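Working notes, beginning with the structure itself.
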Amino acid sequence: MSKTRVGIINVTGYVGIELARILCQHPQIELVSITGRSAAGQKIGKVFPSLAGLDMTIDAKLGDVDLAFSAMPHGESTAEVVPLLNCGKKVIDMSGDFRLKDAGEWQIWYGHPHPCPNVISQAVFGIPELHAKEIHDTHLVANPGCYSTGAILALAPAAKAGIIEADIIVDSKSGVSGAGRSLKLTSHFCEVDDDVCAYSVEGHRLMPEMVQEIGLLYADPTPKITFMPHLIPMNRGILSACYATLKPGKAGLNAKEAVKEIYREFYADAPFVKVVDDPPHTKHVQGSNYCHIYPTVDARTGKLIVLSVIDNLGKGAAGQGVQNMNVMLGLPETTGLGMAGMYP
Amino acid sequence: MSKTRVGIINVTGYVGIELARILCQHPQIELVSITGRSAAGQKIGKVFPSLAGLDMTIDAKLGDVDLAFSAMPHGESTAEVVPLLNCGKKVIDMSGDFRLKDAGEWQIWYGHPHPCPNVISQAVFGIPELHAKEIHDTHLVANPGCYSTGAILALAPAAKAGIIEADIIVDSKSGVSGAGRSLKLTSHFCEVDDDVCAYSVEGHRLMPEMVQEIGLLYADPTPKITFMPHLIPMNRGILSACYATLKPGKAGLNAKEAVKEIYREFYADAPFVKVVDDPPHTKHVQGSNYCHIYPTVDARTGKLIVLSVIDNLGKGAAGQGVQNMNVMLGLPETTGLGMAGMYP
Amino acid sequence: MSKTRVGIINVTGYVGIELARILCQHPQIELVSITGRSAAGQKIGKVFPSLAGLDMTIDAKLGDVDLAFSAMPHGESTAEVVPLLNCGKKVIDMSGDFRLKDAGEWQIWYGHPHPCPNVISQAVFGIPELHAKEIHDTHLVANPGCYSTGAILALAPAAKAGIIEADIIVDSKSGVSGAGRSLKLTSHFCEVDDDVCAYSVEGHRLMPEMVQEIGLLYADPTPKITFMPHLIPMNRGILSACYATLKPGKAGLNAKEAVKEIYREFYADAPFVKVVDDPPHTKHVQGSNYCHIYPTVDARTGKLIVLSVIDNLGKGAAGQGVQNMNVMLGLPETTGLGMAGMYP
Amino acid sequence: MSKTRVGIINVTGYVGIELARILCQHPQIELVSITGRSAAGQKIGKVFPSLAGLDMTIDAKLGDVDLAFSAMPHGESTAEVVPLLNCGKKVIDMSGDFRLKDAGEWQIWYGHPHPCPNVISQAVFGIPELHAKEIHDTHLVANPGCYSTGAILALAPAAKAGIIEADIIVDSKSGVSGAGRSLKLTSHFCEVDDDVCAYSVEGHRLMPEMVQEIGLLYADPTPKITFMPHLIPMNRGILSACYATLKPGKAGLNAKEAVKEIYREFYADAPFVKVVDDPPHTKHVQGSNYCHIYPTVDARTGKLIVLSVIDNLGKGAAGQGVQNMNVMLGLPETTGLGMAGMYP
């Protein structure tokens, strides 16, 4: 049986190169084309020596594929995605172009009208733990933002179980690779090293993804989410600390164990989500597709606290993209994603 | 006029050595004795080559001083502090032994009865921005915890102004030096580098300091504070993100500017607290005694958000200790503390 | 056909856990037993959450295996290795116990007589690029030191070709994981971060490994090697800069290209050694079994300069161990080692 | 008596801002003007919040000063320096424009003819430990490169004493701030963090500074220096490891102690150079103007090994600049430079 032919559009960013790292080891697909504007014509191993073992040349234009990942920036991705859909190809869009269901909301956060609003309804928000069936049945997956993935996985069981008030705080700490490979003072080593700061303090465009997805699970359709991202001097990883007030009657004596049980049940069949017994570290999931979640209760203040960790390039981007691909192709979710985290 | 003779008990930890770094340049005092158990008899510059320029030998026992800093660990500090007080010396205790006014609360958090409860009432909680007069008049200052300093400075103006509900979340990110120089797996480079985690998730002993001090300012005597400390791969610095719901009528159109004005007024005469116009970085205050505070409002969710940054060894420990000493001695608060942050 | 049953003795250090990470994905062997003294009886994923996906319990005593890796410290490893050899098992010793052929030299560097000198002659120094046939034919491989691997691979082609004088300088820079997981002040985050130092300045015990192996290739049996290791604030990776004076007539006009050609030919059939066209970065090989080598010539000074990079836990330890296992078992060298470096 | 009026041209780089940090605390001068092209008109504390305590506005054009530091890039600095000299001002040029005495050599390394060769002879190479008298007597100091400072201080005593062969290897490891604040991929956090690489492998323009200055001390006028700089994931600091063969008769039994004595004597009156008894760390001199030097002998190979550490922005740039200023103005060398290194 011939393998599915897969391509990556814009391999030259951190998400693109992580997709290549995973896909070149995937046993059920063939990586046949990788594109990159400035680096076209060069060997991938010349531009990214970590892939020196992969004998491929960067294309200027995507070759013939059955399924493509678009790792283009938001705003520019639509122009790559739509023609592929029109040719009957399957597409996993790593950008924010098709994640929000409401084109008006999209415009608020991205600053201009959506480039192709009529395609939005075809897109499925790509968290397989929540939407596996729809992902399997669609041709277009909108791969979620890194922060959104960590926060939604942390909050989904509590939202579904209806145990928290709809006023949530998400305080996230991210490595620098989430900001991409392009040059900015805020990614300069000397500015980041031995430093921590909050940013996008007046509003970040991944917050509405959280509201949309938590809202689907929550009885109240529009929970309030105060989201604060921080930049941490590390390469990869996001830790999200989520805080919400437990509803009356939910913060009693056995609240901690009751909450853990809700989480364990919710993720009983999810191979990549582990409900852990100790506060998790981002290093535990570095380089992998895992998400570790630690829910607990502060009895003094009646708060649910949930900590989640992912690798922003793994479960937060490329790993989850490949997991979505597996679901779309009817493969076991874990195919090609078995690597454990790199430690230390 | 002869200079005040000053000593440091237990110079060999990170707080002790930072006190030495500052005090050996202080123009109005004379550093005459530094102690350290294991290193007694050695030149300070042999044990800590960064102080190679300081010609002092580490003592086994404190020499004759007018004022002493105790940098002993909590639990052990009382035994150094009380005899000095009994001899009429002034003492600044860097440990947690005398910070909490309620000996019962102290026992809950430190796990055993307070070693000398009758001295607690003499101690003044050493944040000069809040208690300058009492600090000037006492012989015993309890220098606050690093996390407590950042959070209390961030919340004091809002608490005093009565604009927030008494249910506060403090999410703090600290460098590793706050955990001290003793050896533990959680301070091992390979475990911390490229990692972030929350810790003391079920309760941290600096939280009651925040409750005590914010409670003094707040109409409601016992605000609820959910405190979550995180360990960040950096040496120095604490960023605290504080979240509280604004009271009805306080989250309107000009809320952001109104809140900033409250903060600017509160700290108008505080030389080391800057209310800044952009989200602050810990690097901005590295090596200095400054605290930068950025208050803002999330209009969508009605939340007050306050970000504060300090150097945990500066304003969070040794810097504030020297500031307290200046106040106790009637010197200008800024004497010997003029150094700007080391950048980058 | 049944798979080879493999075990790891002392899985709880950084080398042990990296062996587990690789071996649990290896398609041709079965990891059946992992031991660890203090952690015996616990799930591996409880102690090392990065392996949460691996359902194994840590044993107190090695189970029934065909081949074992000993990740015990030097001095203690012999007591594990010899009984296994006596039972006819194959062993890969990750320690320094069997690397030096001369028991007298061993005693000089390790400070006491060799614990089992009569077994030394059975051991093969485990660099497959140099000793593949002997590795295939032996029951005992002495896996080389991390620094030795990088330096020997960098110098072997020039030594074999006889183009350099026998007076070599090796200046190496290593990440902290090479110092292991045990607690020491020199691995404390605050001491290492934003710091670099040289150590073992008066002599390091991996130097004689270099002399032994380069000596085998070099006409002059005892080249002089000045070796200086440095500790760098990073987790993984070793960069070695090697300097030697080119012999008369070897530093001429086309020296650079001639040298490159010698290196390319030497490693033409080595799947894990890449002779690269730009100065290499340790990050290029992070988490992989690759070694990238860049040879060049300083025409002004007549020096050969060779830069090599490895992951000290990959090609410098666990990766090379698995490569040696593949050779011993008659498998393709690259089996289970195909992963590209993790970037960034 | 009125204070000397001092200015900084181009304060907005890392060297400029470090000059400002030191000079604003200097008791004998007045910092009256700081310039910066893009940031002109803004408060310095707005652009660099670490200087929030300094109430100065960035000028477009240098105000009236007695002495100026030019922190312009090489090639551009001459155009600032020469007019100031012509007006009788004293100038300390932080760039490479006036360091090399030979305009032909300058052209080889900087790629174009020297912009003002007739001024070169007025310039004094600004290492006060070597050229104090000339520095005092000149109006133009060429502040040395950071690498050059570390290497020259490490090698000067041995060169002067004539104990080494004239074939020297300098292997240096630098923090990223040495590469400046401008944006390049090689300063991107994700590329540098957890990485080490060599660069300028085919030749670095600070090497001829070393040859020039060591040549002045050495009997043989043109020693050969093989120089290899490395980039380390840290902010500040340079460690240089220097290797040279001891001359016949110099590597005997007491060579180590004899060499140390030569170094101690050479630097007996140098307040900022410490000959230390243990291998030095860059962290020991972080934020200070100190240089720690550790000379030793490898008896097996007959090599002199000298390790030196400086802060590349301290003794490697701004600190040494201020030291030069003190010498020019006839002040004690240490004025305003007493701060100890920031540790940890």
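To keep things simple, chains are lettered A, B, C and D as they appear, and every chain counts its residues starting from 1.
One rule holds for everything that comes next: a contact is a pair of C-beta atoms (placed from the backbone, for glycine too) under 8 Å apart; a residue touches a chain by one contact, two chains touch by 3 or more.
In this text the structure is predicted, and so the values were computed from the model without any measurement.
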Touching chain B and also chain C, the following chains: A, D
Chain of greatest Cα-centre distance to chain C: B
Which of B-D and A-D has more C-beta contact pairs: B-D
Separation of chain B from chain D, taking each centre as the mean of its C-alpha atoms, in whole Å: 36
Centroid distance [mean C-alpha coordinates] between chain D and chain A, Å: 46
For chain A, residues that touch 2 or more chains besides their own: 14, 177, 181, 190, 193-194, 233-236, 280-281, 283, 286, 344
Touch list for chain A against partner chain C, complex: 14, 17-18, 21, 24-25, 46, 48-54, 177, 181, 193-194, 235-236, 271, 274, 276-278, 280-281, 283-288, 290, 292, 338-344
Sites on chain C touched by chain D in the complex: 167, 169, 171, 173, 175, 190-191, 193-199, 201-203, 224-226, 228, 230, 232-237, 239, 241, 243, 245, 279-283, 286, 294, 296, 298, 300-303, 305, 307, 309, 344
Chain A-facing residues of chain D, complex: 14, 176-177, 181, 183-185, 187-190, 192-194, 233-235
